[in-house]
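A short worksheet on the structure shown next.
When the chains are written out, they are named A, B, C and D in that same order, and each has its own residue count from 1.
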């Protein structure tokens, strides 16, 4: 068994990581890190889990340095310090946060409005979409697991961008996410009274996942890409649906698109194409991404609809999928291939 | 008092019409028409309303012919027959359905896949957005009240199309609606178990509200318009949000857009522009439409977010607003200008 | 027009009060008090309301002293100070909070665990259920408007206790409430992620509304009453349902119970008895209470199911109903007798 | 591997059975029976599951007769025929329905209003609560798996009834359930528009689970028991909470109650007592039951709050727990001991 530390164990993604690893044949949880809730038992923090007597602890590099694998499921900006403290440890690290996903200091400043504290790290972490970057992930000790929105957009767009079937610029990603994507902390905007029976767009034109999408899609084309991204909050716990619009290149047919997708993802256990547009309840609880592709000949527009569970394929599940690759296991080991419904 | 007949009184829009008219100073309900639920009391069908001893009846032209105003809130295709039977009645008619919204037989065939039974009627009914077509509505005895999605899209797009600030083609309308828009009848797809905690796109590239949007927007430009429309179902009762993307014409500024909007709607009691993108809970229960406008200079794209209550401004409220104009009352008479929250 | 001050205008009950008074023929809002949100516009705090440019202000007795009517919709314990400051004002006061609902210092200590700061006030305020205490309310300048749970329980129990049809002790009130009853402030326990898709009992055996129920029911019997009260939180915004169990006295028949209810409430516009057990959606948006009564002969138990909108009949609506009585208007003036559905 | 047939595979409980058995080390699905949806693929019926190419078939005894284990997850009244057809098969049978749960023809008539078609079967099936009846289940080839409401009530009540700490009569079980308990078929009462944002009691004094509770509790006391049961529908998918009231025998202390519970369930993997009243989200997704016990000395009333996932411990999970016992496996084999949250 390989030992696993989870920093940010009290959050939703942390809880799912614990659940998956408790059921994994080769990993076992050896450290549960928390900040505000350090000292509390797992029974208090995650009453849905077993082993409730386990205690969450404040992070301390000495407690983690000999761990085989460290997951960081921390708020933005909080991953840098533990990552640097562990720089000489032999622990492999997977960051579920956004600190190491971008590739250049310039892109980071554009996204976050300030310099990265360790700009040399940018581009040094493998970007953790296993279906696209398995080689890099397998050979890396540092993996930046993607954001939930980018996961839903990059996976179906990559084959179309790579094959030149769509214009790489002017892509519109219109997404809606369940509330768990916003984390577990108290905020007036996330009260039941403010979320239930209502929808809204948020961070219109300014969400940080847009540069992340462009940074990854850029790797599939010699020309730069441009994306316009609008996230929406919808009144549900889990699930994320992206409806994506791109301009079809002349002569692109629907069959071309389907073939490009199927060629890239034919053997992937968690990425599936279907004919009808998916519903998020079909993937909730599993590590699956479902996508459908459509071509509007009237306006020469490609429409893609993709669905994931934001906490599984969009967070904890994909992170574990990366871990499986990094340790040489089958990528689906210990991951749910079947969801629950309702 | 003017007498009012409501055909389709047992549905959600019918229930809201009854509620509004029960509280209107100049209209009173004189006939409640229903089909499957004829013979039942209002207490059974709409227990939220008063006057529960009122009985729903099967439509019969003799019972309605002397009514001053007839609202038809019927499923698609069911408005033609009562409208024709009432053709020699002096009753004014407002159709909340889609039978008379399109302008040409060709557009109708394109939208519905079959010929209109009375093609001569197409184009004869005023299109009932009071903020845009008050003159036609005021002078007409026949008004086709708009669909909920078109209402949310046409109102904010009209000033931009009319002023030439955006390209009239390639407009993308990406909308999400609460479930009441799908009506009240039993269906497996609308069970709580199928809707709650899930979102989906539906009728991708084929929803009938797309031709309705184009038909109306075409009246604001010499060039034809083209729209790509994707509706989504979200787990809430009421509320509709549209996020709209259009290509900005060169030199268009955000100020140009705001001015065009404000000039057209400056005095409108129910159409308001705000700086931040709206949430649907801010309009639920009222007849208001709220919209925000944004310009993405990176991609030369205009983004509009608009919110309405699909049962009020998107159905019963707007229908009553039309009725007020047709009878010479202030357009806001008897209509809620304040919503409820939560 | 009578001027009205609302202290606690930023909360849910405050918002409903504003909406009702904006539509009332004899009252008008003259002061909006808030604490944390003082200085903000109504547009920011209650975007669903009109007159968005109105500004919320810090309470100051000088601003309110000449107002005709003051509503206090404040957190528990916060009503005492403004009430005392206004003791020499001619303003009538209605407290939606719980500071003045109990009748004796002993009962207050039992409920809250500490002494009342102005124990002489206890018993001096009329208890504001208009259907039971109209005379006292009409002749009083100080009314304590009831809690939402007590409203749902006392109204149907009062006729049965008063007529001796049930044992006055051993009554069980098992209630479930939508989340708006817990107010609008941020708390981890009220996050969408903690409330949605879950139910719980809370404050088992210790909720403060239990002594309030007993204090009022005691007035209907020479013997003391005892109540066991269990509130539950359910994932909805509005609505409150109480299922009530009491021991039937020997020879009590269902007809006796129905007659006692009907005799007391025959003319009441907002209290209605129905044959089937009610659903909360039948009353949401209105000031109505619906109740059904059942007799289990196997166990000699009376079962009552009652439903209200916790923010209307359970808070703002009932408060305004009290105000109407205090100023000599018809009790239903300006109050919604029809709800919305869905 | 033992082969498993699932009759009623298209329902919610059927879907959960498939998911659990797909992940079970000793069972494998060999037949998926359905009625209305026979001929459809699993992809269509349960898109959340893998092996989507599997096809649902009409039940035919020849296809099932050599199966090792048959689960029947059928509507009430539909289990009799397949059970009789399989009477000479060596297949073990577990019925998730209510056809074989009662013990006498009299009790059946009382509950269902008509005679049982095979009255000799009543009392012949082991009642499938493993924590209480493991011996009978282990030695039986026919197990009637309990209803969801009875599971939540009987487990915490059994030790108190058995030890004489509470009066066995006058027990009140007040429960609320998520909507999945009502099955998957279309009905107007289960539309999102009818369920969301509302709660109701249903089948007041007449629900069929009441006789089931009494039939089982009777086995723990020489005196008969009586229960008054009120189920409520709440707007969530899964989860069931019961708040239970019983009269404490004189001298009963809280410690007595806790000890009785702990003695009976000390080693049970899925039954846990906690100090605070549970929330349903703490058990959703797992096979756990959580319960808290409280004593109101003012009214000599015991209050119990218990929570389960109605589709897992209340249906498919408990059925598989029974299967494990019947085949000699550890009772928790293949069952989720950890839930998901949110």
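Quick note on the criterion: a residue touches a chain if its C-beta (ideal position, glycine included) is under 8 Å from a C-beta of that chain, and two chains touch if they have at least 3 such contacts.
Small disclaimer: the values here were computed from a predicted structure and weren't measured.
Enquirer: Show which chains lie in contact with subunit A and also with subunit B.
Expert: For subunit A paired with subunit B, the chains in contact with each are C, D, in label order.
Enquirer: Taking each chain's centre as the mean of its Cα atoms, which chain lies farthest from subunit A?
Expert: C
Enquirer: Shared numbers divided by all numbers used: is that above or below half for subunit C and subunit D, i.e. same or different?
Expert: same
Enquirer: Where the centres are mean C-alpha positions, what is the separation of subunit B from subunit C, in Å?
Expert: 37
Enquirer: When the C-alpha atoms of subunit C and subunit D are each averaged to a single point, how far apart are the two points in Å?
Expert: 39
Enquirer: Roughly how many whole angstrom separate the Cα centroids of subunit A and subunit C?
Expert: Computed value for the inter-centroid distance: 46 Å.
Enquirer: Which residues does subunit B have that touch at least 2 chains other than itself?
Expert: In subunit B, 12, 179-180, 193-194, 196-197, 235-238, 278-279, 281, 284, 342 touch at least two other chains.
Enquirer: Give every residue of subunit A touching subunit B within the complex, in rising order.
Expert: The touching residues are 169-170, 172, 174, 176, 178, 193-194, 196-202, 204-205, 226, 228, 230, 232, 234-239, 241, 243, 245, 277-281, 284, 292, 294, 296, 298-299, 301, 303, 305, 342.
Enquirer: Under the touch definition given earlier, write down the residues of subunit C that touch subunit B in their complex.
Expert: Residues of subunit C touching subunit B: 12, 15-16, 19, 22-23, 46-50, 179-180, 197, 237-238, 278-279, 281-286, 337-342.
Enquirer: Provide the residue numbers of subunit A that touch subunit C in the complex, in ascending order.
Expert: It comes out as residues 12, 179-180, 184-188, 190-197, 235-237.
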